[in-house]
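I am attaching a structure below and will ask some questions about it afterwards.
Labels run A, B, C, D and E following the written order; every chain starts at residue 1.
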Amino acid sequence: MDYFSKRYHPPGTSPGTLTRPEGAEAAAFVITLVDYSESEFLEKELATVEECQAVLSRPTMTWIDIAGDVSPAALSTLGELLGLHHLALEDVLNTGQRPKIEEYEDQLFVVLSAPNLANDKITLNQVSFFAGENFVVSFHHGNNSGFGEIRNRLRKGVGRIRTQKVDFLLYALIDTIIDHGFPLLDSLGERLEDIEEELLAKPTKSTLNDIHLIKRELLLIRKALWPQREVVNYLLREEHPLITPATKVYFRDCYDHTVQIIDLLETYRDMTASMLDVYLSSISNRLNEVMKVLTIIATIFMPLTFIVGLYGMNFGNGNTEGSPWAMPELNWYYGYPMAWLVMIAVTAGMLIYFKRKKWL
Amino acid sequence: MDYFSKRYHPPGTSPGTLTRPEGAEAAAFVITLVDYSESEFLEKELATVEECQAVLSRPTMTWIDIAGDVSPAALSTLGELLGLHHLALEDVLNTGQRPKIEEYEDQLFVVLSAPNLANDKITLNQVSFFAGENFVVSFHHGNNSGFGEIRNRLRKGVGRIRTQKVDFLLYALIDTIIDHGFPLLDSLGERLEDIEEELLAKPTKSTLNDIHLIKRELLLIRKALWPQREVVNYLLREEHPLITPATKVYFRDCYDHTVQIIDLLETYRDMTASMLDVYLSSISNRLNEVMKVLTIIATIFMPLTFIVGLYGMNFGNGNTEGSPWAMPELNWYYGYPMAWLVMIAVTAGMLIYFKRKKWL
Amino acid sequence: MDYFSKRYHPPGTSPGTLTRPEGAEAAAFVITLVDYSESEFLEKELATVEECQAVLSRPTMTWIDIAGDVSPAALSTLGELLGLHHLALEDVLNTGQRPKIEEYEDQLFVVLSAPNLANDKITLNQVSFFAGENFVVSFHHGNNSGFGEIRNRLRKGVGRIRTQKVDFLLYALIDTIIDHGFPLLDSLGERLEDIEEELLAKPTKSTLNDIHLIKRELLLIRKALWPQREVVNYLLREEHPLITPATKVYFRDCYDHTVQIIDLLETYRDMTASMLDVYLSSISNRLNEVMKVLTIIATIFMPLTFIVGLYGMNFGNGNTEGSPWAMPELNWYYGYPMAWLVMIAVTAGMLIYFKRKKWL
Amino acid sequence: MDYFSKRYHPPGTSPGTLTRPEGAEAAAFVITLVDYSESEFLEKELATVEECQAVLSRPTMTWIDIAGDVSPAALSTLGELLGLHHLALEDVLNTGQRPKIEEYEDQLFVVLSAPNLANDKITLNQVSFFAGENFVVSFHHGNNSGFGEIRNRLRKGVGRIRTQKVDFLLYALIDTIIDHGFPLLDSLGERLEDIEEELLAKPTKSTLNDIHLIKRELLLIRKALWPQREVVNYLLREEHPLITPATKVYFRDCYDHTVQIIDLLETYRDMTASMLDVYLSSISNRLNEVMKVLTIIATIFMPLTFIVGLYGMNFGNGNTEGSPWAMPELNWYYGYPMAWLVMIAVTAGMLIYFKRKKWL
Amino acid sequence: MDYFSKRYHPPGTSPGTLTRPEGAEAAAFVITLVDYSESEFLEKELATVEECQAVLSRPTMTWIDIAGDVSPAALSTLGELLGLHHLALEDVLNTGQRPKIEEYEDQLFVVLSAPNLANDKITLNQVSFFAGENFVVSFHHGNNSGFGEIRNRLRKGVGRIRTQKVDFLLYALIDTIIDHGFPLLDSLGERLEDIEEELLAKPTKSTLNDIHLIKRELLLIRKALWPQREVVNYLLREEHPLITPATKVYFRDCYDHTVQIIDLLETYRDMTASMLDVYLSSISNRLNEVMKVLTIIATIFMPLTFIVGLYGMNFGNGNTEGSPWAMPELNWYYGYPMAWLVMIAVTAGMLIYFKRKKWL
């Protein structure tokens, strides 16, 4: 995930400008139409946006799902067909929006951030919804498998989804997006546990990088998901003609999930902060061990080297030979064993000292 | 405790789906029925959920307690018998919910997190309650000894419990769950004091791991218990036909306990953060000591080794023998004692230097 | 101060149970009765709680102060005499409550935490008050000298205290408890200044422990005093028949003090956090100094030792004696002084290098 | 950016004093007048403020843009012409104000902070607006290219800008200022990614300085932009005769941008804090490596040096020559190879030890 | 600045006691009377408080300014003359109050904390105001030059001050106190920039102390100035007969300044926290450098010393003389140059190794 991932027009551009911002390439998009009522069900892929016009005039409920990077032209046509506000349309094109909900007369415009986990890589894709009296339009990137699942439920008439108004469809779509947070957090939780295990047993340089990178991901996900709480709360609390009281119970459930996800993200974040502290302490601990080895070795061998150096001195070699002041130890009969005794005593003394200090 | 412990259906699943999520194995469960009024008391273990039907039609108060992992089938039957909402039933199965309270028409649905301390291991079990006009249904895992205590109070008619409506039973159950936080915090407080003592006296690598693990536990417990405050506050503040004013005084007491528990958790958490800082400083302190030993040893023996090496040089051995410039010290009568004097002087100087620096 | 200091009954115990929790020993308690009106004043020590009955029926104002650990039996009797709620009575026995204020019909129940400083040791004692139409009952542990002072003011009729209703007495008692925070903070501030001076001049291991322990105390005091703000705010803002508008002005003053105390505690806490950071940096600084000494010594003597070792080699002693390639330096007339010159040059070079690096 | 960048008069100066504060030099300024209605458009540069008087009496909309450091005299004249409040005028002169919105009778006074990025240097310039019934006056420093863009839109009649009232012009100007945050954050995000890459691969001293300086910039930008949220929220929520409901939809969009910018700033700031922690750990890691090299070298060569020193001792040279206790090893036939064997064995042992400790 | 600087009476003292707290010495004070209306102006220094009585009965506006440490007696007299509340009078004597505003019937009592910067030393002096229908009394310590400036404005009739009611005088005084924050923050900002420069270039032990001390000052100033925001907000928002709507516009300006000052203080505080982190990293960086020097020296000279020690061994001196196993190298014709070659090779190898590790 990048630190900055919003598409934007240069400052001063007229609001509602429907062009792809520079650097964003045109990509393919797929329009899937689902039209249903309690008794009817129709599903087809559209070649152009205009094709949906016929269905929209009927009293059935219509769900237009546009997967991929919609073209400004198609978006503009759709906006005219359904009377969508140009500011909202701009937000569909300029992905990287903050999740939000906006009322435009009788319509609702919802922007969410769909977390996606594929091959251990996390991506956040913008998903936008327009909801009107009898239609929902959804725009999304990437493969949100959950949407296919909802088409299944509509096709088979599982649960209440066919018998309710479009607000229930809107709920089902939003709920799917939000529930994608659970497998994500599940996987992040596992990664945290792996890192923690490594950290407490044998931390390495890569542990540090892992902690930092997971912290970065947590911060960016949190930034993206935090405002979804407000969005769902709005749907739950505000009076809006599109949202029936029966559906509000479901949005309450959905709100609960957003809060739980944010709580977990905060807890994970606090844990990474603690892990960084533990890492630093572990490294210092290790340094301590290294230094103890060095100190022990130096403390034992420096005096010994001094002693052997002492008796390597050449006093008494020249014209002071035989002088009683010229290294008489060298002339003692047991001089050499005595030197060894002294050295062994010094070593033993040091070892006892280190034992007492609990360094050994 | 795991970082992630919520059971969930894959995103896109129809809301209110009553199946055990994958990976959750079927387990036994025990249904205990208590039926009481001011004058009557009946207690029995039920084989099937349907058995309770007979009692429910009577005007007495009924408490159905289901211990263990209830089966989706039994839950579904119970839901039909008592008119429980399918979203709430799903939350009973998908344990790991965030504590919450929800109104469904005239019923209340409460989810709590029961902290449990057994063999120094902390677990958090979900406890769910449904409260209707004359019944309370409770679902819990693990051994919440407090529930047996409440059955005792009902049996013996201790205090007000038999003379009040079911809201008092609901209070007694919630109060029991929340009060389990006190022995938990008592034990955590003791662990913190042990760790602190170790930290200030002689910190080791395991002290670090202990601090980290207790911090992790505190964060996870806090995440689980924090929302209980809202739950009890709701019971205390909101007007609901099930909750009589007389019982609200008791919920106020209960609210007080949740707040006190959260306050303590926050204080504990702040202490662990401080402990991590102290740990790091202690380790650095210890490194300092190690380094001082090394430096003192090196600073004393390096000059000595140099001196003894100096007089181990072979100048004056060959054809310069007798030259006044070829290590004349070796030929001095008191050369060797002089060397010792120099060495003793150097050592003494160093010791004085270290004494002044307060390193000794 | 302990991390956990609340007395509690095992979870599941009937609310309002008046028994001493396990482990809490029975202790003596002293009942002092003060009965006063603008014109009358009576003060006596009571042997039993029942003795106060006679006075209570009179229209005068009555203050019953119970110092020490009141027995459950006496408390129960008092509760019946004055119509006190059993939940409140339980909170009097189970000390370690969070400060709070509770309304029970026409009575007010207040719990405060009295900070006490004796011999540099801080303790927090629970003080509880019941206030009714013409009585105040106070329970406290330890020696709250302030209460004697208030008895003096009542006896001598200093200020308004005799001419006002019992709410003014309640104010005077609460104000005394809260104002004990000032000498406490004064003393903590001095300790902080001592620690800071030590920290900036010559930090030792005990400085670290001092910082940690004062931080711990600050966290625990803050936890205890923070909710008192709410308590006094309640007395100041809420309409209650017992609290006259004239007294509210005094509670405003009292509120001001609680806020000031909490502000100071927060500031102190922030300072200790900063001190821990400074401590760590100081230790690292000191390590740096130690290492510089070691490095300077090693860097000077290692080359010297190499040089003297070099001319201690025995080349040219055996059958290569006289060979021009066998350590000819040894045979130079000025060989030895040359060696000294080289060594002095090396040392001087090193010293200049360290001077430039600002290590000396 | 400086820590303190506000211009202010000495305390005690009369409010509304229109003089340049000491130290602020007089600079040139350019007045551009744009007068427009749905059908008309006039644009010219004015030499003096008085010239705009003629246009103001007409019912068209007028935009007076003053670029650069307006003189107190011109400002004063303008204030009289348009009835601007002297406190607001003072705030135009004393740049470095906190962003704010103030109502003065029927006029609105808005102060914003325009972030500007030029040559990788960030500056924050104060932009002030007065909006009256049919005029907008804007004061700005630096080159806010966006204003030219808006003049273009007015000239060409792009979008709604010519058909709306002055509130839409005010929106367009504010929106331009706020949207300058996006390129800024885009560039800061890139810098953060560069720093992060360096940090995780090979941190140097300059990485540390970079982290610190970007953190400083983030803090100062955040301080400047945070209050803009309130400003736009005010325009969005409050009822004011100047702001039509149609424009509020556009301010909602603008509000969304301010929130998104602040969210990003907070996330960036959290990242820099984490980066500082990672930096410290990396440095400690590197120290560990250095110390390991030293310890390995010392641990291998110290015993070796001891051994060779041992057989450099001169026992057995003098009158103990031939004594069986005087370094008999020297007289062994294979003494020298044995010494080598011992030394090789010691070295091998050490290497195995380090291999096991994973130091090699 | 001290951590604790509040004067207080012992707990239990009667509220409104007007005595100097123990340890506070009596000091001189100066009473200056200014009496003015649109047309009249009178200024004189009073010997006793009673002298002002004559002026107070006139309809003109009166400002009594008491500089220095007012005596309890004078304060008491003044209280009786003007009907000031005894709790407020106590707060005037017990300096070190938290800034606050209190209503006493028709009077306002304001306490502020005046930051003062003299000779690079920051002090915080309490300034108290009483405002009644036609008088303002101000008490202040230290030299608040701003007050003299206001007397000048009154004398000369600069601006609106003579034509407005006393609320404008109150505003002018409060504004002066608050605006003293700007030069203070200006100076603190400069100090921060100096410290930062030192920190990034060459941090020393004194840099650490400077950071800590400025952080301490920032915390204490913040504690003192934070509540002033509430005070000014109260004057701005609340309806009070003394405060005319015309003056509220000025208080809005004043509120703006308090918020700006607090914002800056928070930003400065965040910067000091970051600086402490940077300091620690810098010290670790420096340690790294020191250790590299040591390691390089040791790694080069230890092998060399070993080699020269090797050929200082005495094998082949005694009865093994001539043995082919007894240090044959010593007898090689080019033995000595070979030894040098080996030593040069070892050194070169090490240098290449360090070059590759980028240590050199």
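Everything that follows uses one rule, which is that a residue touches a chain if its C-beta (ideal position, glycine included) is under 8 Å from a C-beta of that chain, and two chains touch if they have at least 3 such contacts.
In this text the structure is predicted, and so the values were computed from the model without any measurement.
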{"item": "Shortest walk length in steps over touching chains, chain A through to chain E", "value": "2"}
{"item": "If a chain touches chain C and chain D alike, it appears here", "value": "E"}
{"item": "Cα-centroid distance, chain A relative to chain D, in whole angstrom", "value": "24"}
{"item": "Whole-Å gap separating chain B and chain E, where each centre is the average of the chain's CA atoms", "value": "39"}
{"item": "Multi-partner residues of chain C (each touching 2 or more other chains)", "value": "277, 280, 284, 287, 291, 294, 298, 302, 305, 309, 312-314, 316-317, 327"}
{"item": "Successive chains around the closed ring, taking chain D as origin and chain E next", "value": "D, E, C, B, A"}
{"item": "Chain E - residues contacting chain D, complex", "value": "145-150, 153, 158-159, 161, 172, 175-177, 179-180, 182-183, 185-186, 188-190, 192-193, 196, 200, 249-250, 252-253, 256, 259-260, 263-264, 266-268, 270-271, 274-275, 277-278, 280-282, 284-285, 287-288, 291-292, 294-295, 298-299, 302-303, 305-306, 309-310, 312-320, 323, 325-327, 359"}
{"item": "Residues of chain B defined as touching chain A within the complex", "value": "2-4, 6, 8-16, 85, 87, 91, 97-98, 100, 102, 104, 205, 208-209, 211-212, 215-216, 219-220, 222-223, 226-227, 272-273, 276-277, 279-280, 283-284, 286-287, 290-291, 293-294, 297-298, 301-302, 304-305, 308-309, 311-314, 316-317, 321-322, 327, 330-337, 339"}
